[in-house]
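Note that chain A is present in both complexes that follow, paired respectively with chain B and with chain C.
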Partner chain A sequence: MKIVVIGAGPAGLAAARAALDANQRVVLLDAADDLGGQYWRHLPSSRPSSNEAVLHHQWTNFVELRARLEDDPLCEVVTSAHVWAIDRAGIHVLVGPPDGPDRERRTYPTDAVVVATGAHDRVLPVPGWELPGVYSAGGAQALAKGDRVAVGERVLVAGSGPFLLPVALSLANSTSTVVGVVEASRARRVASSWAARPWELVGARTKVAEAGSYAREFARHRIPYVMGRAVTAIHGAECVESVTIAAVDSSWAPIVGTEYSLAVDAVCLGHGFTPRLELAIALGCQLNDRRFVAIDEGQRTSVVGVYAAGEITGVGGADLALVEGTIAGHLAAGGRLDDEVLGQARRHRATWRRFAARLDVAHAIGERWSQWLTPETTICRCEDVTYQQLRTVARVTDSSGLRSLKLTSRAGLGICQGRTCGRTIESLLGAWSNEGGLIDGVTTDRRPIAVPVRLGELRVDSRDAATD
Partner chain B sequence: MVVVGAGIIGAACARALSKKGFSVTIVERGASVGGTSASGEGNLLVSDKAPGAELTMAQYASRLWPDLVAELANELGRDFPSLEFEPKGGLVVTLADGDARALESFAAHQREYGVRAEPLGAAEARLLEPDLNPRISSAVFYPDDAQVQPVIAAEAFLASARALGTRVVLGASVIGALAGDQGELAGVRTTKGDFPCDHVVVAAGPWSGEVARVLGGSLPVAPRKGFILVTSRMTQRVHHKVYDADYVGAVESDDRGLQTSTVVESTASGTVLIGSSRERVGFDASLDVAVVSELATKATRLFPFLSEASLMRVYCGFRPFVPDHVPVIGEDPTCPGLWYATGHEGAGIGLAPSTAEILAATLSGEEPAIDADPYSPARPSLASFLTNEPTE
Partner chain C sequence: MTAHSVDPEKDPIRPGSTNVVTIVVDGASVTGVRGQTLAGVLLSAGYVSWRGTSRGDRPRGLFCGIGVCFDCVAVVNGLSDVRVCQRRADDGDVVTFQSDHPDSSVEEQSSDAP
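Our next item is the complex of A and B:
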């Protein structure tokens, strides 16, 4: 047996290690050109930095994990591996740089798979968010951590959730000045779900130490942190020049009269995370009612032989992903859930899940956030569909089917395949439906073509190496 | 009057019936335009049809479309999205190893029946489509082939029908027939209640066979699965609907196995659509990379530049297949009051207007613009397929 692990972030790395520990062969696939996922994104190994340990939590843990996998002859690590489709024939992968001339076509079997595809950060539309200088929080952090590129000189970080804190610090550690972190959730809500001090929400492993370090770092960089406020508009002629910040109520509706302006040249927005579900869906895995991959105590999905770990089972951060990956990898390798080796992982998983549940409540997207949109606000950036256009199509067709509404409005049909706007158009269109919501059972999570591929790469006479 | 199905056929029929003064209710088990109508290219074709009943209907439809598009735009106002009607014409080609003579004689036969089918030399074809593979052995241009955005067209028929008084009930699955005093069909029972009526029109595409069975009728409709590839947006380099001549054979085939034939066209939004595949595998919507790869291979053969184009999406849909390849429009001879408007396979978008006109005229006892007999469910060529058992 060979276990295919898709995704080399914390969950996938831990799954691969656990399977190797059980003496099984592993293929670890990741689209990036190095291991670590979004969480441990770093400079390419061709130009290493001595500074990674400062920029990354648990860097030592990562270095050990990576070495363990790379040194093990039972483990085949395939980076630049783009899983573009899954069907009965297997997992279809193109290996090589996306724009390279001759990527290799490979197919892997689906009988033992750990899906650890993670999440991407969600960004709610804001008037002006299409201006140059607006980044997703994750994108800005990736530039800072992976490429050491600063996104601006005076940067505002805004949105919701504890992820904004490490993003702000990554930026502050580059050449940017972080002029503030604006959290939409109100202090009382966060306090009642967890605690008043936001840094206590980050990094569950050694909470006290990490909380202290965030507090110290924020103080050292003099980064102001405000809650119950949101960026409700972004302004600029050619690029970002300023933002409007307003107080919001507990449903994130802006409170009239509280607006003020702040001069910045970059804005990083993050409103939580959207799980990357397309490959799990392509494998046939059922989702739960919270729209994550449904799993049991053994991280087993609804499909025999397919396991899921990390953010696709519920957004919970790297610590939860690591222990979920360990359990998934161990079981995929034929181990049992009550094996002693999983004792600690199972206890930790319970802890981090409780922790994640609190975060979920504290930072859930407010149901009236869309009140900060204007008719001209772009909703789908790829296809340039505005709020008003979307609203008009919904009104004139009176449709309650997402498939029809997407094809009549073009929202969500662009090159990002709805990754950015998908959940947003679903929530807007669902609210406008006269049927009480969208009723066709279609979601923007399904993408049979998981990443775009060149037609020439699919030619049946092109390089096609079957691997198993 | 109850119409079952809110795809393009159901919507067009409801609109035509409302115009005749009938009181119409559409019942649809899901949302509007979510099945076959939302999974195709929007073909309004005469080129792929051999002389016969289907071609006659296509020629009738092609006369109706231009006025219809203007009429709908006028009725629905400026806020309604454009139907993207493009009378761009179709170019059918054979490549060097293809059967040029077959295409030429097919086109000659069509011309006898009034189809505009203009033979072109390779150089002329390349003048129409400069990026076409230069190894063309023959080409025929069909000026009357056109295209609409099928989902917008279907929603437009539906919006127009609503404005004419049609009631649309969504999320209502048909679960049985209502019987009258003499046991005759007197309405439909759905998951959202009973809808008494004098006539039921089944326009449920490939699901029509099952609906017919539930209502006591018999209709040999089976799903024929197809994939369409959608590229990312690009500068327009395909100007007509362009087909490899092997298209014709595939449409007419009864083979259950996979067939692919190349159809390439640009859309108003800048994507390129690549079809088409056909296979009889029931309602199995799963992706098949082998089929996708075959379509990609053939498309890049027709237009080599497409090798560098990005495949972004794949649509999978089910066409309503009937064994004699002719749409079924008319009353079930064994079940008075039960009418059908389905069986168009891949041509339902284009044939929607003529289907609606034939149905509405026949139902109101008027003489349709073209003879309706060839489309009747009672026609001899269907007789051997009629049973009351589930088809697939």
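Our next item is the complex of A and C:
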């Protein structure tokens, strides 16, 4: 048996190791040209440094994991591997430079698969967010860790959730001045979700220590952290020059009269994460009511032989992803859930899940965030669809079907295939439609062609025949 | 100045020696650090946008940085729609700004592209 692991972030790496520990063959696929995923995105080997660990958590753990996989003859690591479709014939991959051309076509079997495709930032629209100089929080992080590029001199980090903290520190460690971290959730909400049932957090002591280290580092870099506020507008002619910040209520509606402005040359936004579901959906995996991949205690999806681990099963951070990957890899390799070797992973998974559930409550998107939008605010960045245009289409067509509303407004139909604005247009349109929300059962998660492919790369008569 | 490469003298990761990579951006020679993505080289050289959107020809540069949003696509070595945040810069790479707006005349690709 050969186990195919899709995604080489914490979950995929741990899954591959667990399967190798059970003496099974593993194929590890990742679109990037090195292992680590977004969490351990790092400099290429052509840029050695003596203290790269300062940009990472658990860096040693990653270095050991990578060495373990690369040194194992049972493990075939395939980087620059772009999975573009999955069907009965298998997992279709193009291997080569991102967006081609002339990538090598390969197909892998699907009888034992661990899906660990992760998540990307969810960024809510804000007036001016389409200006150059506005980045997703993860984008700024990726540039800092993978390119040693600082996105600005005076940078504001805003949105919601604990991910804003490492992003701010990455920027500070890249010689930017972080003028503030603006968290939309109010202090009372965050505190109450933490203070409830404290005994549940006993196993999560390392997280408390982590929080302490952020507090120290923020003090050292003099980074102000404010809660219950949001960036409600971004201004600039050619690129970002300033932001408007306002206090928000518990539903994230801005409070009139509390606005103030701040001069910045870059803004990093993150309001949570969207799981990258297209490959799990292509494999036939059912989703749960929170729109993550549905799994059982053994990380098994609804499809026999297909396992899921990490952020696609619920956003929970790298620690949870690592233990989920370990369990998924072990079971994919034919192991049992009650095997002794999984005892610790299962206990830790329970702890990290409780931890994740609290973060979910503390930092959930407020239901009235859209009050900071103006008629001119861009909603769909690809197709330049404004809030007013979307609203007008919804009113004039009186449609309750997402598919028809997308076709008439063009929102979500651009080159990103709705990855950036998809969940936002679903929630806005759903709120406007008559009663029962959107009724056609369509979501923006399904993408049968998972990444763009050049037609020339699919020609049957291409290289194989030509080089004979 | 907005985006910029971290000054190696001040970089807490204590970088070792690096090599230069030279690319061509809309006809101009631009240098970056070998190992950087094309987006990293562009941003470090002071470019903030390199594409016009299909409807309003609005400027776009880098947004998500991880290959998801497609804001950063450009023409690379004669091939359009390449996500420059995903592609490492190679010496001699030719990056041309991309306008997806139907009214803008798409420039013929230079014949000296490698």
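Note that the second predicted complex is superposed on the first by the 446 of 468 C-alpha atoms of A that agree within 3 Å, B and C clash if a C-alpha of one lies under 4 Å from a C-alpha of the other, contacts with A are read in each partner's own complex, and residues count from 1 in each chain.
Basically, a residue touches a chain if its C-beta (ideal position, glycine included) is under 8 Å from a C-beta of that chain, and two chains touch if they have at least 3 such contacts.
Keep in mind that what you see is a predicted model, and the values were worked out from it rather than measured.
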Which superposed partner A:Ile415 touches (first chain B, second chain C, both, neither): both
Regarding the shared-chain residue A:Pro452, is it in contact with chain B (first), chain C (second), both, or neither? both
Check the contacts made with chain A and report whether chain B or chain C touches more of its residues. C
Which of the two partners, first being chain B and second being chain C, lies in contact with A:Met1: first, second, both, or neither? neither
Just chain B (first), just chain C (second), both, or neither: which does A:Gly152 touch? second
Looking at A:Glu383, would you say it contacts chain B, chain C, both, or neither? Reply first, second, both or neither. both
Kindly classify A:Ala67 by the partners it touches after superposition: chain B alone (first), chain C alone (second), both, or neither? neither
Where does A:Asp440 make contact in the superposed view: on chain B (first), on chain C (second), on both, or on neither? first
Touch check for A:Ala350: first (chain B), second (chain C), both, or neither? neither
Identify the overlap between the chain B-contacting and the chain C-contacting residues of chain A. 383, 410, 414-415, 452
Given the complex with chain C, which residues does chain A contribute to the contact? 31, 33, 38, 43-44, 46-52, 54-55, 97-101, 120-121, 130, 132-136, 138-144, 146-153, 173-175, 238-240, 265-266, 381-384, 410, 414-416, 419-420, 452
So, in the complex, the side of chain B touching chain A is made of residues 30-34, 38, 76-77, 79-81, 149, 151-152, 154-155, 158-159, 162, 168, 170-171, 229, 231-233, 269, 274, 286-290, 292-294, 296-297, 299-300, 306-314, 316
Taking the complex as given, what residues does chain A use to touch chain B? 85-89, 92, 282, 383, 392-393, 395-404, 407-410, 413-415, 417, 435, 438-442, 447-449, 452-456, 458-461
Residue ranges of chain C in contact with chain A within the complex: 1-7, 10-16, 18-19, 33-37, 39-40, 43-44, 48-49, 53-56, 58-71, 73, 79, 81-83, 85-88, 100
